[in-house]
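The chains carry the letters A, B, C, D, E and F, assigned in the order they are written, with residues numbered from 1 in each.
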Amino acid sequence: MRWKLLTGGGLATTAMLLAASPVLAQDGDVVVEEVDLYVRFGGTAADIAQTVILDNIFIFIAGVLVFFMQAGFALLASGLTRAKNSSNMMMKSLMDAALGVLVFALVGWGLAYPGGDGGAWFGFAGWGIPGLMDGLPDLAGATEDGFYPLSVSSDFFFQAAFAATAATIVAGAVAERTKFVAYLAYTVVITGFIYPVVVSWQWGGGWLAERGFVDFAGSGLVHLTGGIAALVGAALIGPRIGKFGADGKPRAIPGHSIPLAMTGVFILFIGFFGFNPGSALQADMSVPVIAVLTLFAACAGALGALVSSWALLKKPDTSMAGNGLLAGLVAICAGVGSMDVVPAIITGFVAGLIVVPAVLLIERVLKVDDPVGAVSVHAVSGLVGLIAVGIFVDEASIGTQLLGAGAIIVFVGITSGILFGILKAVGILRVSAEQEIEGLDVSEHGAPGYGPDMLTPAAATA
Amino acid sequence: MQLITAVIKPHQLDAVKEGLKSIGVAGITISEVKGFGRQGGHTETYRGAEYAVEFIPKVKVEVLAAPEDTTKVTDAITAAAATGKIGDGKIWVTPVSEVIRIRTGESGTDAI
Amino acid sequence: MRWKLLTGGGLATTAMLLAASPVLAQDGDVVVEEVDLYVRFGGTAADIAQTVILDNIFIFIAGVLVFFMQAGFALLASGLTRAKNSSNMMMKSLMDAALGVLVFALVGWGLAYPGGDGGAWFGFAGWGIPGLMDGLPDLAGATEDGFYPLSVSSDFFFQAAFAATAATIVAGAVAERTKFVAYLAYTVVITGFIYPVVVSWQWGGGWLAERGFVDFAGSGLVHLTGGIAALVGAALIGPRIGKFGADGKPRAIPGHSIPLAMTGVFILFIGFFGFNPGSALQADMSVPVIAVLTLFAACAGALGALVSSWALLKKPDTSMAGNGLLAGLVAICAGVGSMDVVPAIITGFVAGLIVVPAVLLIERVLKVDDPVGAVSVHAVSGLVGLIAVGIFVDEASIGTQLLGAGAIIVFVGITSGILFGILKAVGILRVSAEQEIEGLDVSEHGAPGYGPDMLTPAAATA
Amino acid sequence: MRWKLLTGGGLATTAMLLAASPVLAQDGDVVVEEVDLYVRFGGTAADIAQTVILDNIFIFIAGVLVFFMQAGFALLASGLTRAKNSSNMMMKSLMDAALGVLVFALVGWGLAYPGGDGGAWFGFAGWGIPGLMDGLPDLAGATEDGFYPLSVSSDFFFQAAFAATAATIVAGAVAERTKFVAYLAYTVVITGFIYPVVVSWQWGGGWLAERGFVDFAGSGLVHLTGGIAALVGAALIGPRIGKFGADGKPRAIPGHSIPLAMTGVFILFIGFFGFNPGSALQADMSVPVIAVLTLFAACAGALGALVSSWALLKKPDTSMAGNGLLAGLVAICAGVGSMDVVPAIITGFVAGLIVVPAVLLIERVLKVDDPVGAVSVHAVSGLVGLIAVGIFVDEASIGTQLLGAGAIIVFVGITSGILFGILKAVGILRVSAEQEIEGLDVSEHGAPGYGPDMLTPAAATA
Amino acid sequence: MQLITAVIKPHQLDAVKEGLKSIGVAGITISEVKGFGRQGGHTETYRGAEYAVEFIPKVKVEVLAAPEDTTKVTDAITAAAATGKIGDGKIWVTPVSEVIRIRTGESGTDAI
Amino acid sequence: MQLITAVIKPHQLDAVKEGLKSIGVAGITISEVKGFGRQGGHTETYRGAEYAVEFIPKVKVEVLAAPEDTTKVTDAITAAAATGKIGDGKIWVTPVSEVIRIRTGESGTDAI
């Protein structure tokens, strides 16, 4: 590895400490002999203030990009499902975010960042977000190399966007058959309990962090968590009517709009430039490096899926290539703070390559109906990302990476199994067959997603 | 020759097509229509304003058949399209005085 | 209230002034005893330059986000109207922005920011924008706590985006029946006269500012203004053909695409993170706090509309929930610079709760046909926001808030009444019944918004 | 001209050098006598570090905005073509970006920025991107006024987005009839050879830069390059089936969705605020000025096309107005670093005015079928922009501008002629007539872009 | 039995439906069609290229009726669909030899 | 009177319309239909799942004509719609007992 990052999982200690001595030469040129751009904390009060402010402004912007991902998920899910459920998909994305943010604020935050007693499995710092309105970061424990200059509000803004993402991932997998109240219910549980607990293990300073688990931007904590919940949800709710023939073979249920779905992919692509570089949690010179690695992994992921869809399906499949781009982005999250270029490209490419057979296997072998490929993109690629770190990053251990992945899979698998199991048992998980055939737009929200001037007659029951 | 026209539920189209294929019908023309009938419609609410959707999506199936095949065809459609629930639709038969296959110019039963 | 903001309406004087003394401890840790992040102006020339540059870059980025809202408004209006007017809606949003910006530059700016004689009702600093190309802010009057570091170009860029927003709000309310030239005409008047005059009262340092009116980001100045003009326009132009039955009861005219409309809502959501935090007009630590309050109000607004649409309409309505999110965003604008968390959530929630009955009342009682709910989202929620400040912010007075709201309602009501009245009298307000039935895409712009491969035959006349 | 810019083509030498002396007056006000905001490089090590970091963060954000343009191009091209090719258009935009970025990283970068031997026509700094992971910029040659503080990663991130743009421009012009493999092939050649060579002449410090050619953000280097390749490609591939009648007269082939196309225009509008201000390559006070000039040119361009479409086509055409906005944006790229307000408005307006007759001429006279107007928007407006600089910017010479334009036209014309000629000769340029009639979605990617619930029966063959 | 087919202006559909309901017609099947006729079309301009839109949206209404009801039905449609402007459309009547209700298998007038 | 119904390839519609215009036909009604026949369909693949598209887009053309014009009309359609490739479609002729022009109430041949 050719560079060191001051942020993230314990890699901060190796920053160089050079003397800086700008000298004004005769001809008006400034000769900079040595400037340590990684010494972020020093100088006058004004210097400190400026560093802190830029960090917080940067995280705010990154958070906005991550919130933009909600539009991407909504469009992707809506586009890859039928017109009769298009309004429902938009609605659930909106409410995922709205409800998820408030629940995360009330409960999730306290669970995710338990404060001093970080090692605990279920630490809880209390309700709400202490210090949210203070505006100022707590500079007390600041150190030269591990400086943590975010105000609580910046930090919360960014983390809330992640929590909303974790919840939204599930929606695509259970699309076209889930009761609207069930969406609300699982959003509460995921943003209020499941996701925060997983986060507490690592970003909250818990047991995984202590063991040296590396997951810079959340291949595991966010995507594997969301993807496993999606898998469990989709498995428990069962396939859409007509998805599997009498012979058990999967049948195609084409989404209503690839242009909308791919617009979603492009928006998610943009959103990941908040997700990954923002995970540096400070505006330092690692940001552009992270951005480039993110870019490379995304591109390689799209290429990987192009290759595997061409090979496996005879034609280069559009939405699969979109899934591949996302797979690359998801997979690079874990290592983007500590990987080199070639490993990043390999990680993205492999994730893209795998996402296509993963989609086919989940459908053909597991018989799980995941209309948008959420499980493949988030769970499978998230896992690829965690393992890639174990392989390519010296400081990381493959064992610890697998331990972390296993813990997430088991914990999320069990808790979301209980969650969806209860929803199913109580009878509020799945709509009736009539409602499913009619479409959730009308049966759940009162009116179709497309006006009569756009809908062909058959659309209402397609 | 006869033209057998059926208005069926969209979900029964596959079954009807298979039923017709199995009795040797080689050609079918379908179109999307909307029906108003005993089945009634339903109410939708858009931004607070209710409106009745009285026309329900149906599929119209048209089959040209030799007179002697007519009953076979109507029976096959009835068998495949019936769900027993209101709104299953109608079949009607119209006389056809001439049928031409455009590609060849053949006419009559040969053209079917 | 637990925090003080250095920006906005007169709240700046209370900033703490602490001594800053970073100390380098033996173990390499930096111990920061007290740093005043609100002392933005001090230190060396380099420090000042950096503060100024970051402020200006931040406002540029915020302005870009606000301009992005044009896409949101276009999609929202297009999605909630019929396919036969979809091209017209996109076109008018584009030209609103294009024409509005140029008119605001030529006339509006001088009226909005009249310079020294701020107290005047119709001050006018002259044509165009003096100092636009200077690049440098005017540092002459800078004070330690009221530092105003924006260059004219930054300031104009941000304010022009607001002016375009005020004009665009109207378009949705008068959609599907307004002549294209009427759009151009009212855009000129709103961005060149009505909006700037209102702005001059407060942000231009006029009489409302002197009375201590609080409207941080424009619940009143932007949204109430746009919403009242929308109400007057929609009332004067009359309802769309077929909107009200012979019995006077409103009939549904479903929009052609909820997915497009909700994409617009998501984009507007993102845009408000430029609108509100950018209204700090400097890159300080208030930005993330404002962002979080904006986020909370938006989420609470969506929840509020979910609740009220579920209660009043039996089903959770998708576009109403979208309206609710926007209502929360609009309502929080006024107080986002000085409210605490719980009041912000209450403000957003109440705005969302109210937006649904407001839509129903405007349609059923006022018999005004507002296809996208612009009046409810902007005028009603804007009013909610102004009142909320009166209730929740100590420094603000409910009387002054109501005075400001009343002044805006009366002034905009009268001027836009004259505007739309003249357009109507001259016969360029509304298209003919034939054109309305045919659709504005073909009659005004020559071709339909959707190709023959997308349009069902009936769409052309739906 | 009223302002000088420290960035871009050789205009840097005129920056003022004032003494800065902030004085704390008795009443707590800070009196700033003179601060030189253009002295970006000086002060302590902390000051330098902060300047460098802000520059790099800013360029990262600008790069994200430019990457967002991929979504805009995809939507514009998809919306202005038929439903049966909508998936293909999204797919090729995605792969343009994915493949283009990787090829530019591997080959293009080394060719574009050949290092020391800048004067060479085909310098080549080698494979890949040396120093990409260093994180730190090379401060060795930094001067007070020509400071270049970007790290390789920031620089590459931004430039890669430009390379992807250059390739994507072509796609719209050859839409609805090009084999998918041909897209991949020309993306490789454009991002790996044609575009980098052109860039090396100017931004790579080559012969055009030496002659004082001015092209701040790429009216010529990016847009003229892309537009000429688009023209050559569209000419060589021939028109779509049915585009020209037996009488040789062009026939309308309406795009399937103006709402999608115009959403693309709005996104491109936003993206240009990364494209142009980001081309300052540092976060200085020129950024907001550039933003305002960009805004004005865009607005004037939309107005220009409104006027000319109204005059020439009897009605104000929606997609033409969108083309006009883009034409204004493309034309202002060249001079946005050195123009004054009125010239910028004139440049944009003229570009918009011309884009409409250009579309008509290319179709009616040249008989070239360009479904989205890419040649008019990028080549014609790019040329307008280069010439406008010659007219309005003192330091620039019209002769040099024309020389540069001519060189680009000749070089790109010949190389892309060879490229598309070979693709054609080898038989991989154009799909068969059957595939074209069926639509590329099904024939190239296996499934239609719209589900059966959205497609009217005729759409499949429209 | 008879099949009454009418091609009408889309805006008259509501009136026609109400007219038919009021004379006791219990079922209707409609579909979206496009008509070419004396009414002529119009010209649209897309990006500078003019094109003639010769086919105008119409709605086709089909009603099965007992022979004795035929005139009642055609009268009701004519009354409701006529605007007096060119393009109001046509009604035609075709003989039907058989009608079947799919749900029950009933046939003849009972099936209508 | 007769109703001539033709199911043709969508791409032949322009030619058929011109052919009919040239023999003096003043009115046509068309609709979008899908056909199943000897032409067969094709296979599409969506996210890895193959599915057969058995119904192919066709356009249905309906022309009311006086009995004496029937052959002229069917000939014109055949000439214009034939490409010689499988799937060119069918024409069929049904007797019509009554035609009414809604606008004027005219009936019989006058109404065509």
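The criterion applied here is as follows: contacts are C-beta pairs under 8 Å (C-beta built on N, C-alpha and C of every residue); 3 or more make two chains touch, one makes a residue touch a chain.
From a predicted model like this one, the values you see are computed outputs, not experimental measurements.
Engineer: Could you run down the chains that neighbour subunit A and subunit F together?
Structural biologist: B, D
Engineer: Among the remaining chains, which ones contact both subunit E and subunit F?
Structural biologist: Expected: B, D.
Engineer: Along the graph of touching chains, what's the shortest path length in steps from subunit A to subunit E?
Structural biologist: Tracing touching chains, the least step count from subunit A to subunit E comes to 2.
Engineer: Looking only at residue numbers at the subunit B/subunit F interface, is the share used by both copies over half or under half? Answer same or different.
Structural biologist: Because under half of the interface numbers appear in both copies, subunit F and subunit B meet with different residues.
Engineer: For subunit C and subunit D, let me know how many angstrom lie between their CA-based centres, rounded off.
Structural biologist: Distance between chain centres, rounded to whole Å: 31 Å.
Engineer: Quick one: subunit A and subunit B, Cα centre-to-centre, how many Å?
Structural biologist: 49
Engineer: Would you pick out the residues of subunit D that each touch at least 2 other chains?
Structural biologist: In subunit D, residues 42-44, 47, 50, 54, 61, 252, 254-255, 257, 263, 313-315, 317, 446-448, 450, 454-459, 462 touch at least two other chains, as defined above.
Engineer: What positions in subunit B touch 2 or more of the other chains?
Structural biologist: Residues 31-34, 44-46, 58, 94-95 of subunit B each touch two or more of the other chains.
Engineer: Which pairs of chains touch one another in this structure?
Structural biologist: Pairwise, the chains that meet the contact rule are A-B, A-C, A-D, A-F, B-C, B-E, B-F, C-D, C-E, D-E, D-F, E-F.
Engineer: Over in the complex, which subunit B residues touch subunit A? Could you list them?
Structural biologist: Where subunit B meets subunit A, its residues are 9-11, 32-34, 42, 44-46, 57-59.
Engineer: Using the touch rule from the top, collect the residues of subunit E that touch subunit F in their complex.
Structural biologist: Contact set of subunit E toward subunit F: 2, 6-8, 31-38, 54-55, 58, 60, 70, 74, 77-78, 81-95.
Engineer: Write out the stretch or stretches of subunit D touching subunit A in their complex.
Structural biologist: 41-50, 52-54, 56-57, 59-61, 63-64, 67-68, 70-71, 74-75, 78-79, 86-91, 93-95, 97-99, 101-102, 105, 128, 132-137, 139-140, 142-145, 147, 151, 153-154, 156-157, 160, 180, 257, 260, 263, 441, 444-456
Engineer: Show me the residue ranges of subunit A that touch subunit B in the complex, using the header's touch definition.
Structural biologist: 437, 442, 446-448, 456-462
Engineer: Would you mind writing out the residues of subunit E in touch with subunit D in their complex?
Structural biologist: Per the touch definition, subunit E meets subunit D at residues 44-51.
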